[in-house]
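Look for subunit A in each of the two complexes below; its partner is subunit B in the first and subunit C in the second.
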Partner chain A sequence: MVAPTVGVVAFLTVYPFVTVFSNSLFEYDYIAGTRTFVALDNYRSIVSDPQFVRSVVNTTLFVALSTSSQTIAGLVLALLYYERFRGRRIATTITAFPMMLSTMVVSAAWRTLFHFDIGPLNVILQRIGLGRVGWLINPDIALLSIVVVDLWQWTPFVFIMLQAALRTIPREYLEAARIDGNGTIGVVSRIVVPLLGPHLLTVALLRTIDTFRLFAKVYALTGGGPGNATETISYYIYREAYRYFNLGRAGAASVLAFGVIALVAAVYIPRLLKEHP
Partner chain B sequence: MKRVVLAICGLAIVAVSLWARGVEESGTEESITLTIAGRDGAYGEAMEFATALYREQNPNVEFEILTLSGSALFEQTVVDLRSGAGSYDVILIDDPNAPQYMAAGWLADLDEMYAQRGVSLDSDFIGPAVGVGRFPAGDGTLYALPHVGNVALFAYRTDLFEEYGLAPPDRWEQVAAAAEVLAQNEPEVTPVLFRGSKGNPIVTGFLPILWAFGGDVLNAEGEVVLDSPESLAALEFFLRLSRFAPEGVANYQSAQVRDALYNGSGAIAIEVWPGWIANINNPDESAVVDQMQIRAHPGQVRGSSPMIGIWLAAIPESSRNKDAAFDFLTFLTSEETQRRIAREVGVPPTRVSVHQDPELQEMYFWYPAQLDGLQNGVARPRTDRWSEIESNLGEYLQLALIGEISAREAIAQADEQIRDIVD
Partner chain C sequence: MRLHRIHPGIDQASIRRHPARLLRAAAIAVLLILTLLPLYWIVVTSLKTAREVILPIPTFFPRTVTVENYRAVLDAGVLRNFANSLITAGLSTVISIVLGFTGAYALTRYRFPLRFNTLFLVWVLVVKILPPMVLSVPLYELFSSAGLLNRLSGLALVYQVYTLPYALWILVGFLKGVPKELEEAAQIDGAGPGATLVRIILPLSAGGVTATAIFSAIMAWDEFLFALLFLRRPSMLTLPLRIANYITEYETEWGRLMAIGVLSSIPLLLLTNFTYKRLSEGFTASLK
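Up next, the complex of A and B:
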């Protein structure tokens, strides 16, 4: 009974990976239709390509900043919404709204907000006497701007997950901690965070994997620029595969990206299994 | 019982199919659907317009038109044509990408199709526009017909130039001098406009300057010759001009350049395309009616070097409706259709006679300059690696534009990368 399921899973996951890995060993010009075996040359060429190195650095920075900021912001929101207040249900729905939007729609809206000349953010900054900011054109800021957009769109996901998890903590625990003289920070750090540990780990893993694949926002907001300030691994792979049709180099970059994600999962998953044997 | 029901259902399906087939064939001709992989924006409107005209004469032909961005069109057509799926009957191709399609043998031989019908390509088409539809370019086999006669032009505000006694610029040095004067006297006006976004936009703006300064990316033999004193001088000049451009120019696309031209906040555009300026003298859309001159680029060491960027229409070898597609292609590029598209949509033609139409010259005063640019312009290098070369060059140009690297570093590093691609 299990065999067909295993077969389907193998076909949908193992076969594409084997194909990509196989391509990575060839100089494969898709347009010309030529395949020449080059062993590990594509890997050597990619790791010495400054664009790829920059894309790895950018992706790592993005993952670290986005995952940590979203987890913290989501936890704060979940704690705020933990208290019962009038209109909480409507407020929760509104707060969750950004994650329901298409990434391209979100990007289009933020592209307008960030516009150097006519963007509302810079108009406001000018009105209060501050200079305009090159949100998407300053190489020192552009990646942070994309972090902000991702924070806006995906913090609600973390919030919803942690809000559900918070409900599993008996209110008596928190009240007892307060009676023991703990302030808000003490309650959060001594009671909430330890009890939410597995959930925080799950959320962090999901956000790490998702942010690692960052593509659509870069495509829509900066195209990897200015220069290569927002070039990410996914964008690099896309460009090699669909702009240049170099499937060998794209395959090699994909295998390396897979290796990194597998490494991250190898760190997270044993800890998750330990928490939930 | 189950088998009887199945048999009855099967017979019913066969009967209905035969009846429907009979109805279809009882009409004058069999219905055909042509699928076109086309562009968005004005080119998409032009295609909608042309197909509607065609259907007036050929009601049996239906159209499915995909309106895609330039990059999406390239990606989707390459994947489809490579697989031989035959999803498209007519495709649009930007001329620098044409060698890739032609070298791969994906396009139908139009010379052969003309010969089969006992007709030949008429001589009214502008020579270089047809030349980029051939492989090898110039005098090879014809694989695509020129649909949109794009050529990069140069634009400036005549009222401001007259006010400050500035001569129409024949050399790029005069452009820089004029920008300096305007920057000092017109604080509300941006002296220089161009597209600074990485990749194709910034390269397209830079190439006419590169060529005018005597530089080039590849020579006639396809060898990389970018790293030269001429190219360096061109890039240094480009960066000098960029000091008079908006602070956010590194993010500028065609929409920003077009808006600044139309609302009068820009004085000089070092690159405009016919599609951007179709309504520049329309008072409903433009604040600079009769105040904008559109002409060929200035020269410098060499004469003016306008860049042609023809949109070609071709029939994939895998199309299942090649005859119908050929009939539509000849209609699309005919004199009358081009005239009507130019009049109604503003998309530039690829025929001499349409450029010389007095009514159109009245509507679009730059048609003589456009025709001259198309007849004497320079096409981007004919290589099947152009998209990769352009992407890399565009990246280093933008890094220089935003001050991350010097002009010398940008030229040297781009040259090295392009050598890797070509080799």
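Up next, the complex of A and C:
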């Protein structure tokens, strides 16, 4: 009974895996149809390619900034929603909306919000005397703008997870900490963060996995530009494979990406197996 | 009502007593506005005329409310894209449930040699974690030689890369909780293995099946990468691709762009409460 499932998984993953590894060892031009064994030349050539290095730097920055900002913002939201208040249910539902939109809709909306000439953000900034910002066209800012979009879309996810985690902390702990003379910041840093530790790590890992594959937002918002200021590893592979048809170099970049994600998996999978034996 | 007496809302007296509460209310209000403004922008832009959209200073309230954008995108065949998305999401969900359910059942009921059960589930997780771009090149060649490009069925099949790992993990969790004695009792009553599975096990794991169905549908609805690589024929495009094409082809056809955005968001927004509950229930349920 397990055969069809294993079959599909093998078809979709095992063969592609082997092929990616073997492609990475060949000079492989899909259009010309030539395939010559070059051992590790593709690896050598991409690690000395400034565009690849830039894509690694961009991806690292994006993962670090997005994951940390979303985790912090999600925690703040969960704390703000901790006590009951009138309208909490409806406010929670509204807060969850952004993550229910599809990524392309989110990207389309922000692309117009960020528009240099007639986007509302720049018009407001100019109104209050700050001048326009090249959200998606200034190479120093474009990646940060994508971080903002991801923050808007995915903070709700972190919020919901941490809200659930927060409910597992007995209320008395927080009250006791307050009676001991802690302010809000003291309670959060001495009680909440240590007790939520494992949950915070799980959420951060999930966001790391998701932000590491960043592609669709870049495609829709900047196309990797300006220059290659927002090109991620996924985008680099896309360009090598589907624009230049250089499957050897795309394969080598894929294997390196897999190496990075294997490190994440080494942390994440044992945790999951322990929670869910 | 009783709750309000114990935890009074934000009335004047309690504000004076609790400045912290006022601060919290203000923070929540600001965050709600930040959440809602882009959503408002999407809806309001979709209701503006083409001329109003490109005014040098955007209007907060549309001067003329029009449904012309909706009519235009419907005339341009967006319903076709909507149907394509629906078919792909439906098909990939069915495949995931059938394969996920039978696979999870076998993995929880039989111990295969060489620790196959654990190894398989771990492998599936590695796939789940992997950026899909990494496997896309060989998958493209594979699907191309199998004649599965430009087909929604091919797309539904490749989406199993995302949805099947998820389905397997959720359903393994659920099926572990179904006692073996029930199956044994059914077998003694003369039910075959197929009947046992469908009549006894399936109803008992209904929660897991629903969760799997909704999450695979959401993933398929949102998917962009494989749709971009596998679909070339215009009549086959899914909604995310149609939106991407609008973005790249027409710089400022924002009214129409947002009209497609609104149409494609409605099915997902209806699922907000379900998703919220499901994510609240636990961390292992949220591989996404």
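Here is the rule we use: the second predicted complex is superposed on the first by the 248 of 277 C-alpha atoms of A that agree within 3 Å, B and C clash if a C-alpha of one lies under 4 Å from a C-alpha of the other, contacts with A are read in each partner's own complex, and residues count from 1 in each chain.
Rule of thumb we're sticking to: contacts are C-beta pairs under 8 Å (C-beta built on N, C-alpha and C of every residue); 3 or more make two chains touch, one makes a residue touch a chain.
None of the values given here were measured: they were computed from a predicted structure.
Counting only touches as set out at the top, which of subunit B and subunit C does A:S107 meet: first, second, both, neither?
second
Looking at the overlay, does A:R239 come into contact with subunit B only (first), subunit C only (second), both, or neither?
In the superposition, A:R239 touches subunit B alone.
For A:F116 in the superposed arrangement: first (subunit B), second (subunit C), both or neither?
first
Applying the document's definition of touching, compare subunit B and subunit C: which contacts more of subunit A?
It is C that touches the greater number of subunit A residues.
Mind working out whether A:G225 is in touch with subunit B, subunit C, both or neither, as first, second, both or neither?
In the superposed model, A:G225 contacts subunit B only, not subunit C.
Quick one: classify A:I31 as touching subunit B (first), subunit C (second), both or neither.
first
Just checking: does A:G134 make contact with subunit B only, subunit C only, both, or neither of them? Give me first, second, both or neither.
So A:G134 only meets subunit B here.
Please identify the positions on subunit A that touch both subunit B and subunit C, taking each partner from its own complex.
Residues 117, 242 of subunit A touch both subunit B and subunit C.
Can you tell me which positions in subunit A touch subunit C when the two form their complex?
It is residues 1-2, 4-6, 8-9, 11-13, 15-17, 19-20, 23, 77, 80-81, 83-86, 91-113, 117-120, 123, 152, 156-157, 160-161, 163-165, 184, 199, 202-203, 206, 209-210, 212-213, 215-216, 219-220, 233-234, 237-238, 241-242, 247, 250-251, 254, 257-258, 261-262, 264-265, 268-269, 272-273, 275-276 of subunit A that touch subunit C.
Quick one: in the complex, what on subunit C touches subunit A?
By the definition above, subunit C touches subunit A via 3-4, 7, 9-10, 20, 24-25, 27-28, 31-32, 34-36, 38-39, 41-42, 45, 54-58, 95, 99-100, 102-103, 105-107, 110, 112, 118, 120, 122-127, 129-139, 141-142, 157-158, 160-161, 164, 168-169, 173, 221-222, 224-225, 228-229, 239-240, 243-244, 246-247, 252, 254, 257-258, 261, 264-265, 268-269, 271-273, 275-276, 279-284, 286-288.
Looking at the complex, which residues from subunit B come into contact with subunit A?
The contact residues of subunit B facing subunit A are 71, 74-75, 78, 82, 100, 103-104, 197-199, 246-248, 250-251, 256, 384, 387-388, 391, 395, 398-399, 402, 404.
Under the definition above, what is the set of subunit A residues touching subunit B in their complex?
30-33, 51, 115-117, 132, 134, 136-139, 223-228, 239, 242-246
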